[in-house]
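Next come two complexes, and both contain subunit A; in the first it sits with subunit B, in the second with subunit C.
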Partner chain A sequence: MNIEVRTAAPGPRPKPGRRARPEHHTGWSIGDRVGLAAAWAAGISLCVVAAVIVLFMAWKGLQFLHLDMLTSSPEASMDQSKSGGFLDPLVGTLLLTVIGIAIAVPVGVGIAVWLTEYGKPAGLARLVESGVEVVAGTPSIVLAIFGLLVFQQGFMGIFSFTAAGGAVFGRSFIAAGSMMALIALPLVIGSTREALNSIPRHVREASYALGKDRASTIRRVLLPSARSGIATGATLGMGRICGDTAIVVVLLGASMQTTPESGPLGLLRGTGSTLTSYVYNNSPAGEGNAPDKAYAAAFVLLMIVLLLNFVVGLIGKRNKPQWN
Partner chain B sequence: MELKEEGARTGDGPAAEVPPLRRIVVESETVPIRVGDYAGPPDPEYGKEPWQLAAGLDGEPTWIEERMRTEGLSIAYGDKRAVKDVSIEVNSGEVLALIGPSGCGKTTLLRSLNRLVELTPAAKRTGRIILDDQDVDSFDVTHLRSRVGMLFQQPNPFPMSIFDNVAYGLRERGSKKPRRRQLEPIVVDALERAGLWDEVSSNLNHPALALSGGQQQRLCIARSLAVSPEVLLLDEPCSALDPISTGIIEETIVELRSEVAIVIVTHNLQQAARIADRVAFMYLGDMVESGPAGQVFGAPREARTQEYVGGGFG
Partner chain C sequence: MEAATLTEAPARATLGRDRTDRRVELLLGALASTILLLIAGMILFVLIKALPSFTHNGLAWFGAGGSVDDQLMNIFNSPADPADYVYKLRAWPLLYATALITGVAVFVSVVFSVLSGIFIVEFAPDRLRRVIEPVVKLLAAVPSVIYGLIGILVVVPWVADHLISEDRKASVAYVIQLDGTSILVGIFILTIMICPIMIAIIVDALRSVPEKWVEGAAALGVNRWRAMRTVSLRAIRPAIVAALVLATARALGEAIMLSMVAGSVGFAPNPLDGITFLFEPARPLASTIVDNSEGLSVVPFGQTMYAFAAILLISSAFLSFAGWAARKSFSRYTLGAR
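For the complex of A and B:
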């Protein structure tokens, strides 16, 4: 049998008697070849850019990073040898991430479950979907300003510091963490919905067929099945929270050191900083003018985010139930 | 044994609006046919005569007892009538096979028996379904479904351990949470009846989704059996399985039929011939004919049944 393979692109027909080989781009027009080369080159250059970023940050970061920077607080000094480390920003990043995710995961999973498993009335579901899209598309600086507006209201006083005159400061870990939750929320909702949608209908029906109602099917079958999707969304969200600067500058106070308020939840009501605001403040763009520290902190931040991405990859491959 | 498929007949003449039947011809001299010949004393309690089954997979005689029946059951999806005025009995002690061409309403009929069809918003039902002399509409739906279990085409264990899968239907039933020690005998018994115990007894805590397809399907049988249903509905349970797993499942079904009424939908006529005691043939939503397997396959009353099962049996 003589099988002729033709590529989709128009081009010179192979001569009779000679078979066209798909791996030789004989049938490709000039335009297609240029396009292919451009796509190929774009892919390669992206790899190069990524490698340069990581290598440059590693070179700069490791050059200035000392272990004691991770364990000492920043000090106010123009002298880089006396300005301390970035323990507070590091802890601030972790604390803010935990707060943001602790809010975003339950709310996001709840919204995703409602959208995929109930979704009625349909109009309301569509409204919620567009709401999620709006939140996802809002620049974080806008969320930050909005958050300040909300948390400066008098009744929000319990969440931050209230000055003697009664003015509410509106800046605290809780205030920043709530807005950070909004950043992570669309990611949690998206990957939870995707995970729920990938569970075949007959799996739900198998649970109903055993006499279970929808609520216990969700709790006992669907959520455990979606666990890796939820974890992926949460980890992606953590990456976004770690990397955001605007909300920290506006809503966390971006104070040099973590400054708790008094009381049992004083830490959460107090202000602080994160690695992003620390890098900004110490970079030549900020006032600190301590580029060595900025490089070292930026390297640590990059490592945290890369680690989170790595974790996303790990979760995605494991624990995902497969029905044929 | 050899299955031959004759090409779909093209509609000629008045058959134009009726889709053509696919005809399956069985070429074999050893197709086991059950004849519903009588043996043993009549059952005094139910006033019915038990049937002894001719050479089947086990040949054990069983007592026949009505569990479920439909009376003038019709189901429509919007304007489309998928099941039309079907009245049929489901008895414990025997396997009822639903056969018929694709789209004739077998799955719809099956899913109406445990009211799973109600999950489809467009589906409307008329007629009655009776379980042990009570209308199924009078039951709480979760209660009905624990008495009428179902197995699906695709094996679908839940993403949890083997033990937890089988115990799934037992948990959260009462207000008190049952302990593992209390559940264990029931789980072991269900796995034994599903013919899976020997293979999984040492790794009950392993994830169920790591089992093979055939084992998963038997686990799903065990999961249904654990809540001790009276009726078990099987919708093409072997179509995703290899021949060996299919054989094991068929043996399990035949063994179970003495305790549970079994309804199986199958496209495999040989499978129906192997395991069914009674066969019902559906066509375009109508129940064309039902009766003892030997009669439906060997001497069908209706021409359409004859056409579908072919002349190859006996």
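For the complex of A and C:
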């Protein structure tokens, strides 16, 4: 980019009388200066806000975080020194992320491959595309109570537990995890498609020329090349899942500790909490009102999310296949 | 004889492979179509569940009248007999709060994001630019509950202590309590949350404006600011619309943060109150659902909550459609769909 050209723009004035337009168009009028100042102010204030948030959370977090909080379960107590740590929410966050990603990645990659490599009939592909957009735009609270509606149907009883009267509870790790998968899905689809689209045509043609059909080209050539794109999407999705609160509040039950159901896979059918719901419940808005604990948990959550963000950056930098 | 088998064998193999290929295509196509089924199911399920609340109130559902929190309480305490279910609801304060908070936050964000985008692409010194781009990503990644926590523990008490005078609190004490949780704080934090989304899109778009266009403007003797404003900004209008749509969807659906800092009171702030207006609490639709998620099993109450969800669902679907239409109409003259 040649900045010099633009900075020199006000440069030599044209001869007066030659132009119909008033000459203040060439220089920096008051309005232009105000606009420039506003742009600078906006840019600087972005940095200031981010710095304030991170430094404040680090200050509060390091002040209240003790290592034993990471290894002890929450206890019900009014006294903040006796209310335990947040081992269960931490495990809950991990478990929910794993479930969500385990569903979102295969489904998302499948849809992305179909959209880029097959995409016929074209009308259906267009519909699916806008469908993904609609899912991305749907508020997570709406997804949450839609999930509740689905998992409260009688036949879904195997995914949570059925009360004596036949009513299905509809809240469990499975229920919350599958709705979390919906949040991550558009991100996985988006970055997988981007990766697939960046693979030039001649790579596919080379594979066909070797006698491979489309299915094995996808499996052996395209998917391995799109690996870093898929990883980026999955990591972005994990960040989104870790940070979502509405689905957890509605679909994971309100139990503070992880409470598995009986039977095989009881843990997945059980209820629990995550770091986000722990922070929410311990803030003055929830019933816990233990701001110290909330700060400590929020700090851990922020670190997890920033780590995921950092990983996205790393993946983006390396593993870029070169096509020449 | 031998030649025939030789030509046949590969043919059979190709046929078999074609069939696998076809199967994979069908399988993936079916997978992709399930997402359409899912959306159809979601809209249908939520609307059916929401219907009783709308039919019992008619158009008055959208109107004002009485305290919405009292009405919700009455619905929650409905008698157990389905014939006696209470449905009376005038949801105006919640709808108004949603529109007000979303609208103002999105408006402020557009202005701020366009300015930041121009700054990042055109004016920021290289060293600052290397800092500011990760900063935007960071702000986008912070979970909403952390924004809410900072809001309720830091911003709200500060507003209550420093911005709201005792006189002001006393002046409206008979209607509403001003404790710092307010639409002002809600809008402020919501703006910080949705700006990064817009900035990311606007920066990408500004980078894709052909350099020749801007240089052409510069060659005509226009300064850098004017070149950005008159050439680049006009060229990226579709991207600005896309950013607007995404940010509005995010703001509409923001539940947790707003339920923490905006007061969680079903109250319609009155612009005629002057400055006090900004300090009045409110509660948008999404927050109402989160706050009352425990009561979803009470049948008429749950149906009312699904009615709120239906409104959110329809508005976000409409929003995607409007964004698509706007981008389409712009793209004829500008960068974008080409």
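FYI, the second predicted complex is superposed on the first by the 290 of 324 C-alpha atoms of A that agree within 3 Å, B and C clash if a C-alpha of one lies under 4 Å from a C-alpha of the other, contacts with A are read in each partner's own complex, and residues count from 1 in each chain.
Definition applied: contacts are C-beta pairs under 8 Å (C-beta built on N, C-alpha and C of every residue); 3 or more make two chains touch, one makes a residue touch a chain.
Quick caveat, the model's predicted, so the values are computed rather than measured.
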item	value
Room on subunit A for both subunit B and subunit C (clash or fit)	fit
Subunit B versus subunit C as contact partner of A:207, first or second or both or neither	first
Touching partner for A:83 - first (subunit B), second (subunit C), both, neither	neither
Residue contacts on subunit A - larger count, subunit B or subunit C	C
Partner chain in contact with A:224 - subunit B first, subunit C second, else both or neither	first
A:191 touches, of subunit B and subunit C: first, second, both or neither?	neither
Partner chain(s) touched by A:235 [first = subunit B, second = subunit C, both, neither]	neither
Which superposed partner A:298 touches (first subunit B, second subunit C, both, neither)	second
Superposed arrangement, angle subtended at the Cα centre of subunit A by subunit B and subunit C, nearest 10 degrees	110
Nearest-approach distance, in Å, of subunit C Cα atoms to those of subunit B in the combined model	5
Set intersection of subunit A contacts, subunit C complex versus subunit B complex	213, 216
Subunit B residues touching subunit A - in the complex, by the definition given at the top	114, 116, 119, 142-146, 149-150, 152-156, 158-160, 168-169, 171-172, 209, 213, 220, 223-224, 227, 240
Touching residues on subunit A, where the partner in the complex is subunit B	200, 202-203, 205-213, 216, 220-221, 224-225, 321-324
Subunit A-touching residues of subunit C, taken from the complex the two chains share	17-18, 20-21, 24-25, 27-29, 31-33, 35-36, 38-39, 42, 45-46, 49, 112, 115-116, 118-120, 123-124, 128, 131-132, 134-139, 141-146, 148-150, 152-154, 192, 195, 199, 211, 214-215, 218-219, 221-227, 229, 245-246, 249, 252-256, 259-260, 264, 286, 289-290, 293-294, 296-297, 305-306, 309, 312-313, 316-317, 319-320, 324
For the subunit A and subunit C complex, residues of the former touching the latter	1-2, 5-7, 9-11, 14, 25-28, 32, 35-36, 38-43, 46-47, 49-50, 53-54, 56-57, 107, 110-111, 113-115, 118, 124-125, 127-128, 130-146, 148-150, 167, 182, 185, 213-216, 218, 239, 242-246, 249-250, 254, 276, 279-280, 283-285, 291, 294-295, 298, 301-302, 305-306, 308-309, 313
